[in-house]
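Two complexes, one shared chain (chain A), two partners (chain B, chain C).
Entry: the complex of A and B
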């Protein structure tokens, strides 16, 4: 059982993906085609990208509920800035705006000592409000067709969103496991007072984590906006739940200290597979929402059951 | 003495925990209306003994008689119902409830078929009990708004409200001021007159002598003896408490401290509520211990020097320069290392490996590409050096630190600090929760470090450790320096006396 749990912690999500693939391969003859698979992965990119940031947040013992709102804010800024500044500068500034939301989150949480859940919950509505205000309550059409390349273009036959996701994955992977910053994030999530006593700048680390999450939300916002070519202040409602689901399902411990970037990547693809499968079965759209919530609860249950089981084993004095 | 006079009797109680015999064949009794003092060094078994009366632990062997009936307490609830109240050091009060609600928690007076709280009766009943204790605490106040002394009063009121026949107080005066202590003593004497029996646990002998009818001394889980207070004196009790200190496994002090070079100087240092105007010098290559019982301020002083808690006043000179330490980061930069007494809550990074736990402080320096990435080989080589030096035993680099033994965990925590090449090493309870073998090893390591020129500033609640390891010892009592000893003047009895406030002019040299 212990071995199984360890295996699950590492590869659990692969088991889901393999089972899902077998099911889809049987249900749909089109599934095993390169295009279909790339399409599924491309649909999973937002989840993965924001999930990377969320993985850092949860590993540090924090949480960010404002990600979907930040995507909307990015979208609005893009639609307003592209006609004025051109595409590259508009993207840079929009990402800066997105990151600054993270900075504000981090400052409130560390300097004013407010619970991250409540802070980002409040920020979620604040940012939505700001987005609607800036956009004047409308959706803003982007006439610059070039901009759609980011979300819909291909490079060497691979959708550009996937390339962005892979680049971010490599960056996040090295940051999490091979950089001092990643180590510090784990230390803070593992035992905050120990991190403080060890001379780590806990506040700064937390602030940087929130900036990182907001940045990933910004990137997802850019891709999404590019696909629709519309600035949408209310973009992706409920997406924060997807990001959290992906992170927990991927094996990152909700208790903090243990992040799993690989897991996040594959959990995002798995969620995308579920969507595809539901589409295939001609299931109505609200069943998709229902499924994400269900998967989150299952993932949380497994996470909790695993921790409880390991705890009880440890109490019996068995080395794990 | 008449047999019916006994309220409570423990016969040949033994209690073992994995690896240690906490209580070894102890017999003990309490008479009706008696104040019985229970004294002993840390780890003597006092807490374990009272926890068995309080229903927290069950004895492995032996019998407990209460009111002449053989009894087994299986829960705190049961022991309370039978008439025993234990007032632990950390109170069992709910801060968000009022005084009255706390006194009657679980037994609130109700009306309308016990659907609705009878607030009026609750508050008036509480008021009456408090008045009996000569206390004017408002029963409607919240616990979080009253002082420590008042909380103690509430605990006593709670004990009386459940008609306890035996009240056990664990170090009740540790956090009280002189005036509050006086009041507590009056209450205890009043209770005794009303026929309530009290087991009084304290480090401060003068309190035991002022209050008690009999004194029982525990040492290393064994009962050394019970004396009638009127038949004994303080020096006899101290001798019973201390016994003979086993010297063998301690590292010998090297005697080469002729030329003294001051590494750190602490002047007029104060920490709010705990440390009051303490000054000392720390020399190169010495082990200086700051001794003191709970509440003496020794821990707070060391934590504050490291920047883990704020200071109120005072100056620190490090290698001759005045320095400001407001945060552990400042201390680490200067070359001051710190090992906490609370390994579980303040040191171990549970989710991380042995390797990662050891390197966390200096991980930023083990990098390439301008600090962007960790150089894995460098981290391993640094780890290997420290592992060999401290003889840390583990199965592989990725083993999680929680699966190491206490001794090896402590070595990892010490190694984490040593790896920074600190010049001053602050150790709080360096061998808490480690087994005897690892203890001796850690002592040896400390001595080696000192011989290499690292100055060690430590505090410990274990007497042998203090006496045998330190080159000098400064004793704090209620936040002030009570005595100072060096190798020649060090004497365990005098050290104990100074720690428990028995400082007379003859001790301070």
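Entry: the complex of A and C
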């Protein structure tokens, strides 16, 4: 059973993906085509990218509800800066702005000692307000057509968002599993006081995690803005739910300490498959919200059952 | 000697702050807005602040219990919308009284479901209710196909707009709710169980309290008070809009509870503080909109108030030399 759980933690999401694929292949003749599959993966890139950051946050025992608001802020800054500074500089500065929100989150959480949930809930409202103020409460059209290449272009037949996602995936994978920082994040998540006693700078690690989450939200904001060519202050409402769902469905435990970057990537693709399926059924857009919420509850249920089982095994004195 | 005296002073300040701090901030805010804006310092406006504060104050009672017991419920805004549209759509079939009662009952059932998920499946409360936040909102949209329900029933509207002896009915309703909440928290064993569970769930379990049952009842009570708020809010607006009703409500309610002095993470709290905090938040919003400050600034202000409130509680506890 323990072996099964370990396997599930690593590969459980593939069961969902395979079942989903079989279902969609039967339901839609177009599903098994390269274009459709690339399209589904491309739609999953935002969830995956922000999910990578969220995976770090949840692994460290934290949580970030402000990601959707950060995407909106990035979008507004891009639309205002591109005409003035040109595309590359505008992107860099927008990403810096996004990351600085993470810095503020981290500072409030560590230095003022405020609960991460409350901090990021408050920051979500604050950042939405700031984005709307900066944009003057409207959407801003970007006239620079070149900018759309990031979200809609192709490189060697593969959509550029997918390439960005893969690059970030490789970076996150090595940071999580093959760098001291990744180990420190896990240590903080599994036992904060032990990490502190053994000399880790817990506050610094937490701050860096929140900067990383906000940065990934910024990247997602850049891609999304590039696809619409509009600066949208209220971009992607409810996206924090998608990012959290993707992370937990992917096998990262809410208890902290164990992150699963692979799982996050494929869970994002799975959510994208659900959206594709819902589109086939031609149902109202609200079903998307309903389905993601339901998937989250199911994923949490599995996570909870797994932790309970492991607890009971540990209580019997077996090393896990 | 000096050391002890300065520490005593600190403790005194912190203790007095616990009793009168919020009242002081309320008076300060009322004074500032009154001096800045002649429209603010009218009796009519003060009454309307009082009346509108009931939305937050009533829903806050359940949330205060919830936070005292060591949990959170962030689904309350969506729950308010969902039960609002569902309950008000019953009016043609079962009449006003039946619809109001069923709204409150349905809200309690939804709270009960939250509680079951959290205790029996052992999923952390904040994330269960995050999922529920989107599920309830989606159900509200789907049930109404995103068309607001207009309310013309006299009884329903009376709850939000009626008057008894020239006092607004929501205010009377709120006072009844507070009396009930006070009796439950301070005069019944159940109130002591809530505080015990929030302070130390393991110790409570060992001393024979059925912790799961207490938490389920707490979440049911959250639903119950949200149900009442939902009727009051929708009656006040004259309609139940699936998208706009209760948007950001969880945020205001949690802010009020925390600002009122209830400590995040569980333990004791204050219903009186919550009541004053609800007035503070409403006065702040009212004052800013009378001065025609952008509504976006109001969001920023409420967010800052929440962080400020939590940090303030921490500082107070540090001054008292206690740990959470």
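The working rule: the second predicted complex is superposed on the first by the 314 of 320 C-alpha atoms of A that agree within 3 Å, B and C clash if a C-alpha of one lies under 4 Å from a C-alpha of the other, contacts with A are read in each partner's own complex, and residues count from 1 in each chain.
Basically, a residue touches a chain if its C-beta (ideal position, glycine included) is under 8 Å from a C-beta of that chain, and two chains touch if they have at least 3 such contacts.
Fair warning: this is a prediction, and the values are worked out from it, not measured in the lab.
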| item | value |
| --- | --- |
| Touched partner set for A:290, first chain B, second chain C, both or neither | second |
| First, second, both or neither for A:258, with chain B first and chain C second | first |
| First (chain B), second (chain C), both or neither touched by A:282 | neither |
| First, second, both or neither for A:199, with chain B first and chain C second | first |
| First (chain B), second (chain C), both or neither touched by A:143 | neither |
| Dominant contact partner of chain A by residue count, chain C or chain B | C |
| First, second, both or neither for A:186, with chain B first and chain C second | first |
| Contacts on chain A seen with chain B and repeated with chain C across the two complexes | none |
| Complex contacts: residues of chain A adjacent to chain C | 63, 65, 108, 112-115, 117-119, 121-126, 128-130, 132-133, 137, 238, 241, 244-245, 248, 254, 284, 286-287, 289-290, 292-294, 296-297, 300-301, 303-305, 307-308 |
| Of chain B, residues touching chain A in the complex | 308, 327-329, 331-332, 338, 340, 345-352, 356, 359-361, 363-364, 367, 371-374, 376, 402-403, 416 |
| Interface residues, chain C side, partner chain A - complex | 72, 74, 117, 121-124, 126-128, 130-135, 137-139, 141-142, 145-146, 248, 251, 254, 258, 264-265, 294, 296-300, 302-304, 306-307, 310-311, 314 |
| Residues of chain A defined as touching chain B within the complex | 174, 178-180, 183-184, 186-187, 189-191, 193-201, 253, 256-258, 314, 319-320 |
